[in-house]
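Some structures are shown below for you to check.
Presented sequentially are two complexes of subunit A, the first with subunit B as partner and the second with subunit C.
What follows is the complex of A and B.
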């Protein structure tokens, strides 16, 4: 009985661990002028409704990782990827915004060296030179 | 020449009708050039309106249509990309062609340069739209130069959108300018029309005022001249002054003709009156004054003598034995003797003395400013001249003379009565002599 209980706990942990690993966080360089950004503000920034938070201009980065991007759209922006794409298509063809190029992890690491640049990553990929400005529950 | 003086002199020389017609004629002179000006002005306004209707309104519609079509292309492309349907991208081709056709319609207008630039920009934009859309669909929003391509696309879209809006705005401004120009022209016409009317009104009033003043002055002059002519003794030599050639001048001329006729009639009447007066105071046979005149003369001299304390005398003369002449030679010879006798007396009197026939063969002489001595001398002289004269038919005629001189409180009757008594004394004392009392 005790053994069965142990197995159950181990199985649960094994199931939860990948979920914990897939947790999306918004990071920025530690030298950035802000420490926290609300979810609404992140939505505003990524949907090009604003370019600033707390009076500081922010440059958002997009990830080439489709899963991460999908999770980001679903979790943070509350939109499906087609909705997100359609939204940006509208912005593009109505002359409001150009579409940002998606970057791989390496490029993101490189771009995040610049202060006031934000990116969504999996929490497991967090580096010590970054700080978390938003973390989804 | 001063225009006002010229106008005034012109007013004096023309008829009343012409003077009153001067106001509408002047109005016509003012209004006619204005009407011609207004006609050409309206013609230019018509051109502006025609340009407005034929060119600007269709161009504005086209410019709005282009903006609408551009938005339609955006929607169609957006739908195609969202749906990831490359074929759908061709749906916007018809709209793109419409835009191209629309822009070509500007070729012969003042906006041809802007339209050509817009056409080039649109073609570049549309080409880029298709190229980027295809890539986005095929590469699923992720290809190498997506950021550069989309930035260029955004720039081109904004550029063409701006050009279309600028074109629309320019046409709108042109239309506004045309409308404003028409409004300004109408305002100008109305203002100047009112000004011309006001000027005409003032000038007409002035003309009527001057005509009225002129008439008033002329009538006043006629009244003054008429009064001057009729004042006291009528002076028929004077005439009304003809101061104008108008109807009033004609009236003055007629009045002057009437005065001419009156003058002639007056002259005839005066002559007749003088004749009548002469007949009234003259003895028809001898031509000397009659008794009435002599009575009047003596009365006047009596008044004068009393007033001035002056003196005068009278001589009563009677032809001696005149009855014998009438009986012996007949009345015709008697009359002839009377005539000759009176002539003889007249010729030998002083200048100031007045002679008249007293009746029958008696004559009377009034000697002015003469006392008894002077008068006796005059009487003696007359008696001698008669005695020495040889009368026709009867040869010798003599006369007796009675003299009396004015004394205070004398009357016509008293002074004559004394002279008569002196004459009686001369007759009684043998005739052909002078006696006085």
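What follows is the complex of A and C.
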């Protein structure tokens, strides 16, 4: 009986863990030429299907923070981290130019000074010089 | 041929010399260390027909092991040069290092790009990254589809157009070129010189990040000859010119048609491809398909696959009236089916480990992609493991 309850608790924890993930947002510098990007367009940018949104060239950034990156992959890209790695390996070894290397928070803050650059962050880390272009529910 | 190559090298060198200050180099390596065990001693299990050795009631390390290097040189935002070389066991059972592909790419704008040089023939979804195990789910793609055509690269050009309409993306590719290669003809223990002229390629991919569909079409004039085949068909032609012309592999208009559907949604992975080759010669027509279903438990991805190749007409019933021709026709039988159960485990951003079990059933006499010493080949239980790396 006790084993049964243990299994139930573990199952419950597994189910609610994604809900406990911090809310993820896509931000850009306030001087960027766009205010909103759809989820599909973010997917296409991070999957290298396009480099533009609303006719404006965008530079996407990747985070070194493993939890944040996992949250971004599953919530926004609807892929697991290994699947995303696998996808990019396929592109890179097909001659595709890679997205810039993964950056830590300080580097992302610095890179976001450049207009039309986008990054995923936790909502609590939002700075006043940035604007939210996409917010997950 | 030499002229084309020299011209290409000249263009590349001139381009480099004009942009020396802005050039960015990038070198990557990839590879697989693999081991295969097949429990049937009367058959040699191979990755595809380009290999000579494989597993036959023993553990074989040659089937999947390979090492590759890729260099990309970014000349400027629009112009780049990419070269990929691969070393693996070949049809002489020796390690052969070759330039798999290398091309100059020019992005005309956001949507259009052109590639010039040695390119991958775009039969399948994973044509480009076929040798990069880390990027694929299975240890090897289903030979029932991926093994149908024995050449994978050509010299020429390719134009690509890609765009997004609303929620959907699409990509159109068209190519033109030629190729020369040597293909093993295991049943007579010889090699055949193959010339591919007027190769036209076209493929179209459409979908969303979660679901995509793909269609491809290739056409070429192909000639495959050697002294034995020339003597055989010259002899037959004296008695029956129609028969000789219908089976001789000389300047034959050949086609490949393929379709695929790929889903990656909420951790479910599904992929299926269908391919059909039409070559009006002794190299018989066939078609094949596979379907793979997997589920991603983050680092673990278990999967199952069913694959099948069927000859359009059974070749083992060949009765041309010429024993030597019948022998060649019979040995073209590649009909087989296979069921695969496996798992891919991502160790980290550079390594993965894969394990899979395959049950391969040859169909008909002399059947299957794998070399056999029996006219009635039996089924094989095949265990494989692989460590893939990218750096």
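We take it that the second predicted complex is superposed on the first by the 115 of 137 C-alpha atoms of A that agree within 3 Å, B and C clash if a C-alpha of one lies under 4 Å from a C-alpha of the other, contacts with A are read in each partner's own complex, and residues count from 1 in each chain.
Definition applied: a contact is a pair of C-beta atoms (placed from the backbone, for glycine too) under 8 Å apart; a residue touches a chain by one contact, two chains touch by 3 or more.
Quick caveat, the model's predicted, so the values are computed rather than measured.
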Task = Could you check whether subunit B and subunit C clash or fit when both are placed on subunit A?
result = clash
Request  = Pick one for A:23: touches subunit B only (first), subunit C only (second), both, or neither.
outcome  = neither
Message = I'd like to know which partner A:51 touches here: subunit B for first, subunit C for second, both or neither.
response = second
Ask   = In the superposed arrangement, does A:40 touch subunit B (first), subunit C (second), both or neither?
value = second
Task = Could you tell me if A:79 is touching subunit B, subunit C, both of them or neither one (first, second, both, neither)?
result = second
Task = Give one of first, second, both or neither to describe whether A:117 is in contact with subunit B, with subunit C, with both, or with none.
result = neither
Partner chain in contact with A:136 - subunit B first, subunit C second, else both or neither = neither
Request  = Go through the superposed model and pick first if A:94 touches only subunit B, second if only subunit C, both, or neither.
outcome  = both
Query = When the two structures are overlaid on chain A, which partner does A:64 contact: first (subunit B), second (subunit C), both, or neither?
reply = first
Ask   = More subunit A residues touched by subunit B or by subunit C?
value = C
Offending stretch of subunit B which, after superposing on A, collides with subunit C (from 8-16, 62-70, 188-196 or 278-286) = 62-70
Query = Both subunit B and subunit C contact which residues of subunit A?
reply = 82, 85-86, 89-90, 92-95, 97
Ask   = Where on subunit C does subunit A make contact in their complex?
value = 28, 30, 70, 72, 74, 80, 82, 84, 103, 105, 110, 126, 128-129, 132, 134-137, 162, 164, 167, 169, 208-210, 264-267, 269, 296, 298-299, 301, 346, 349, 352, 390
Request  = Name, in rising order, each residue of subunit B that touches subunit A in their complex.
outcome  = 74, 77-78, 81-82, 129, 132, 136, 141-142, 144-147, 150-151, 153-154, 157-158, 161
Remark   = subunit A residues touching subunit C in their complex are 40-41, 43-44, 47, 49-52, 57, 77-83, 85-87, 89-90, 92-95, 97
Ask   = Which of the residues in subunit A end up touching subunit B in this complex?
value = 64, 82, 85-86, 88-90, 92-102
